[in-house]
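Consider the two complexes below, in which chain A is the common component and chain B and chain C are the respective partners.
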Partner chain A sequence: MRQKTRMRLIEYAITIWVVITLNFLLPRLIPGDPFLVLTSQSAEDEEIVLSEEQREFLFHYYGLDQPVYKQYFIYLGELFRGNMGFSVYYKQPVSHIVMHRLPWTVFMVLSSVILSTLIGTILGCFSAWRREKWVDKFLFLFMIFFSEIPSFLLGLILLFVFAAGLGLFPLAGAVTHFADFQSGWEKAWDVLHHAFLPIAALTISHLGGTYLLGRNSMTTVLEKDYLRTAWAKGLPKKRVIFRHALKNALLPIVTRVFLSLGSLVGGAILVENVFSYPGLGTLMRESVRVQDYPVIQGIFLVVTVCVLLANFLADVVYRKIDPRVGS
Partner chain B sequence: MTAESTSLLLVNELSITYNGVSPPVKAVNNISLKLKKGENLGIIGESGCGKSTLALGIMGLIKNGSVKGNILYKDLNLVGLPDDKLRHYRWKEIAMMFQNSLDILNPVLTVEEQVGEPLRFHCHLTPQEIDERVVHTLEMVGLDPAWRTAYPHQLSGGMRQRVLLAMALICEPELLIVDEPTTALDAASKNDIFELLQNLQKQLNFAMILISHDVAFVSQLTSMLITMYCGQAVEYGRTSDVLKNPMHCYTRGLLNSSPQFFKYKDLWGISGEPPGEGAPLKGCPFAPRCCQSAEGCGKSRPQLRYVALERRVACHKGGIETFLKAEGIKKNYRVGEKSIEAVRGADLEIRSGEVVALVGESGSGKSTLAHILAGVLPADEGSVFFRGKKVENHWATKMIGGMQIIFQDPFSATSHRMQVLDVVKEPLEIMKWKSTAERNKAAGEALQAVRLPVTPEFLQRYCYSLSGGQRQRVAIARALITRPNLVIADEITSMLDPSNQANILRELKGLQNRFGFAMLYITHELHLARKVSDKVYVMHRGEIVEKGSSSVIFEKPEHFFTKQLFKEAFRSSG
Partner chain C sequence: MPKKRSLTMIISLLIILALSCSLLYGCKGKEAKETTKTEGKKTADVIKLAGGDWGYPTPYGVYPRGPGSRKMGLVYDSLVGTDAKGKIVPKLADEWKASEDGLIYTLKLRSNVKWHDGKPFTSDDVVFTYSYMMKYLPVNGGCPAAVQQVEAVDEQTIKIKIKEADVDFLTNLSSWVMIPKHIWENVTDPNNFTDNSAVGTGPYKLTDYSKEHGTYRFAANADFWGSKPRVNEIKFVPAGEAVLAFDQGEIDRNSVTPDIVSRYENDTEYKIMRYETSWAYRLYFNMAKRPELAEKSFRQAIAYAIDRRELVDKIERGNAVPGSPGVLHPNNEYYNSKAAQYSHDIKKAKELLNSLGYKDADAEGILKNSRGEKLSFQLLCDDGSARMAEVIKQHLAEAGIEVVIKSVDMKTRDARFKDGDYELCINGSGNGEDLSELTNISGKGKATSTTAKTMGYDNPEVDKLYTGQQKEKDPEKRKEIMEKLQKIVAEEVPKLTIYYTNSLAVHRPAVYDGWSADTYHSDSRSNFVDD
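Coming up: the complex of A and B.
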């Protein structure tokens, strides 16, 4: 058992090392030069072309004139000390920028995971329970339809209809800038108001999968012999469904929730750009545009670690709820 | 205490049809049964005969199906009762020990939770009390209570069976339905479960419906027995009576397939398969596999009818037919001045599809009796009936589907001056049956059945050129060509070497199983008799001194002479 855990940890360590290495190599394989666009704050500004000496100074300053393997070791060492480098474009430490943006993305992703899982599971189980009835058929068609719309397109539609058209929600951003909030509650309400549409877009686009899985899983469980045993024992309906059936039906859903975190982050990046939401997604788009290697690397690293963390959590949680695993 | 006398469970004309498949399958067809408090009822039948569906029907657990008829539990009709009312009867009054399988217990809940939870909802006990009861019940079924924190996947098959039993008994139900309790259990665990059920019933006094294809297991625990075939009850009676004397061909087939009853006999299953799902069942469902089916059997479904006290059989023929009946047969031989009593008042009965062995020493009158039965010799006194009609003037041996005798000595039984083909089709020639071409065809088939060649050269060979084994086969083919319902085989293997003897006997028994004819097998070779017979008659000095089921006679002979005979015969073999 302990042996197994140790093996797991080693696996994770190796994965992180591979990710870091790829992270180091990838930007260096992209053609282009980070010092072409340096001092201007936006793309529209006039570009300042550096002189040869200035370029060499900066190359030396960032260690880019060193051989690649040396750069690699320096990179590893710095990373180990928590230094993800200094943004060429934002002129701030990368860790600072990423950590500043991360909570918004995490907030959005987690909210939509929780919402889509809850709603998807409940509707899926309900559908399974009413299998082949009209409720089930209607839900099934509806979910298939929505799960096929990409999240950013859904975001655009929501933005047009509810923000631009009906004016129910703000068009962009995560908070009202320069507002003077009377209380924490008021601020929280403002944040939720801004986050509602992006979270809704992500949730809806993710809902179909969870619903289908929930429906499928519940349908399978309802046919199992142990469920017949539970009915035979004369237990109340609630007990049979929630204790005997749902606990089994949840197993594949839990796995999926954690494993889907990665793809949700991908979706979040697109949705954030639609709503100009100040998370990692918008940050990434800007950084790619200006070829800000350190920031891109930082984002990749943080996202990967988050996904690995989610995997690890999935392992732990699964072990908790399914006694058959790991014994 | 009036409840003692009335029935606990009364199932009345219950039919269960599964509608989920097309065409709908009628898994249970018009079954009625009665169970008193503390009584045990066994239900036997092959897999897929509707036993488990009946059990689920009584529990009210039929999904995608319609239930017709009544299930009266303590005078309350459970059919059509809404689920939330029925719920209170499940487990508290009627519990079920399900067939053991990996999926029968919930994989994510502990043993304790699964065994104890009915108490919470039916008896409203506190968690503390539930735990005590669970520990107590697990101890009762012989499982260490420490296992209650385990999950089902951690248990062995035998332990899971005990958990299932503990779970079924936790609320101390009045009726316990036990479905296939011995599936996949080894002999030791099987015995454990057997003893547990027996002891616990004494302790808790529940009534029990025991469903199994393991006839031996069921018969030891129950007092009444139902045989089910294709969703229908085909035989109903006291367990001991049914075992001793099955009245339906299907029940007999099941018994013959059980190694526990016949320790020495070879196993012969029931030939053929049950009709497939959704097959049109107009006539008797067992007719295609039955050894005595006739034209009328395919026309309508037989109903369960009384054929004896406490015995009902669903058969158009009223159960297994008696083919041959001999009453008070006497025969004296005159040797000079002296009269020798060869047969002294023998009674004998052979039923359809049965192999009856007539054993005894040489000179005990076996062959004389056989010849009288076949009508070869006239009896001095007594009469022989074949299918209820007195045997006179060879009518019974002169017909298709009649009676045939195969003699001991193939060399004198088949004329050495005749060709094989002529010998075999001789009976048909005598009967003037159909055309020559058809007679030849029938002869070919009969020869093939006994595994002789049918090449023109062989057919034209003269019998004197055949070996003993071949000639005996020719004699058997000649008997089989009339498709007899009864074959009397008089010491047919005694003149053959062991290998030929084994081959002929196995083939004859195989043919018997395939065609379903009855056979009187006369022999002094007890080892052979023990291998093939269902019933045994022991003859000593012209008298039948003992008769009965071969499973009983060979195990526990009663008569002094039989004991002596067996002792000598089986001395070396133990």
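Coming up: the complex of A and C.
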């Protein structure tokens, strides 16, 4: 058992090291550098062309004039000391920037995980209960359809219809700016109001998967022998499904919740850009555009660690709820 | 192949969606059209503009790309400024005098100017700003490289010594902003210093900034030395889709593309302002890489073959000014209207190419040289100018030149352009680097001064004229030199200006109508205050 845990830990450590190395190399493979600004996209976007001396100064200032392997070891050394570096573009410590943005993305992703799992499971069970009836067929088609729309596209549709067309929700951002809130409740309501559409987009695009899994899992469980007793006792169908079968049908769903965190973060990045939500997604796009190496490295690192953590949790939780695993 | 097809599917789906959405939305816009004609408002309490994080508005905090520097311009002042026509106007200095040899400038500072925190602004601050910015290089607003020494004569007078005489020195000086000594003197890492440091002498005080949300709030400075700001408060808020945000009144002015400007035409609720800018798309010929291009008449043939008027109509729906081969915009005070124009003429292009020995022997449409090799070039462009590249490809095909388009992202294009890794290249820029980048004058410092070298263009006459006009004090003589310079450049076409873009902006006059007719940037200071 202890041997196994140690092996797992080594696995995680190697994964993180590989990811760190890739994170370090990939941004540097993009043509250009953080200080190369020669042109702009339009007259609105003004560029400041740096002189050769200014560029040299900045390269030196940020240590980018050193050989790449040296930069790499410096980066690794700093990481060990918990220092993620200093942003070239934003002029702030990377950890500071990322920690300000991370909560927004986590809030969005967690809300959609919880919502899509709850709604998906309930609908899935409902479908399994009414299997082959029209409700089931309708739900099935409906869910397949929506789960195939990419989340950012869904976000765009929601934005056009509910924010621009009907004016029910704000167009962009995460809070009303420069507002004086009377109470904490008012502020919380404002945050929810802004987050509604992005979370809805992410939830809906994720719902299909959970629904299908819930439906399949429940159908399989319903055919198991031990449920015969329940049926034989003459319990109502609703009770059988939600009290007896659900416990066992939940297993694959729980695993999915954790494993899907990675893809949800990916989806969140796109959705954030649609609503200019101040999470990691908008930051990532911007930092890639301006080739801010330390920030790109920082974001990828944090996201990787989060996903690995989720995997680890999945392991632990799965072992807890399914005694067959891990013994 | 199936991958490509599915991509096309997605794209067409997206287009359909976008169209239906705009249709849905377009209908809504029409309903709102029943407004009556309103008198424009010359002052406003609050103006909201599209925000986004462009850095803390100090010379050290702003980001090198984008509108951060103009936000800095609301807070900070330079010693002198330039008006729309490029004339030097007083700012923090209200009198100036150059010495006979043009090497020493004596400036008299305005009296009773106060920093935002109430402390007086003196010549000490100017001297400090100079030495500080020499030690720590700012992102923007730095001291011109030509300055050798700044000294305070008395509390209201300073003396600036420069390395070599330059008639444009005061113009260059207008970008140098003053920072207060009492705030910055103990700061040793200005790049990382933001704590309430945006203290300037300018018309607006920064009252709120959020990096994370991309918001700024500026309040009018009651003690401003110039005239009273016309807008009390300027707010920058994030606008995901600026068009939607403007239509919902979340922002009060928006820059629009020629494609959507018709939405606002013939509607009294809106006012459209059009500006001609010197921001231009240009076609570069890499003579070092393709010796054919080093032939003057070859480049002229290309200039004849490309129909710049049609490009303006097709790509910008007419909202642009066709490029002049002499590089300068027709509204530039030094513009030479007599320089060669190369109006569209395929026949002439073909004649020139034929006389160079390129023949279409097998009547295939593409010219070949004496060794039977096809006349084919790779055209490097970024995704933003890919449409333009397609039209240019058609135009050159008519003249018998094959073009292979290589479309990459902007940064890749910039990197390859800098290294001279291209044959033909479309580049867009508006930094006044227009003529200097054709010179081989060393020590000019700008990254683009290597352009002429990587292009393989070297004309000592151009270098001589360029330096000559920089030193010429007499405006008449200077114009003469500039005209000569443009004539040579137009004759030799080392680069071809395709067109100068126009900038379009829409606002609601009922909210605020004080927008400057000279500067097209909505966040520019001249929209809110007369200095």
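The rule is simple: the second predicted complex is superposed on the first by the 303 of 327 C-alpha atoms of A that agree within 3 Å, B and C clash if a C-alpha of one lies under 4 Å from a C-alpha of the other, contacts with A are read in each partner's own complex, and residues count from 1 in each chain.
Throughout what follows, contacts are C-beta pairs under 8 Å (C-beta built on N, C-alpha and C of every residue); 3 or more make two chains touch, one makes a residue touch a chain.
Because the structure is a prediction, the values reported are computed rather than measured.
Counting the residues of chain A that each partner touches, chain B and chain C differ, and the larger count belongs to C.
Contacts of A:51 after superposition on the shared chain: chain C is touched, whereas chain B is not. Touch criterion not met for A:9: it reaches neither chain B nor chain C. Once the two complexes are laid over each other on the shared chain, residue contacts for A:225 go to chain B alone; chain C is not touched. In the superposition on chain A, A:234 contacts chain B only, with no contact to chain C.
In the superposition on chain A, no contact is made by A:76 with either chain B or chain C.
Every residue of chain A that touches chain B in the complex is listed here, in rising order: 224-226, 228-237, 239, 243-244, 247-248, 251, 321-324, 327.
The touching residues of chain C, when paired with chain A in their complex, are 14, 17, 21, 24-25, 28, 52-53, 55-56, 60-61, 63-67, 69-70, 137, 139-140, 145, 191-192, 208, 210-215, 217, 235, 237-241, 244-245, 247-248, 250, 255, 277, 279, 382, 384, 408, 410-418, 427-431, 433, 445-448, 501, 503, 520-521.
Taken in their complex, chain A has these residues touching chain C: 30-33, 35-55, 57-58, 61, 86, 89-92, 97, 100-101, 153, 156-157, 159-161, 163-165, 167, 171-175, 177-178, 274-276, 278, 289-291. By the touch rule above, chain B contacts chain A in their complex via residues 56, 59, 61, 83-84, 86-92, 95-96, 98, 101, 103-109, 117-118, 121-122, 151, 153-154, 167.
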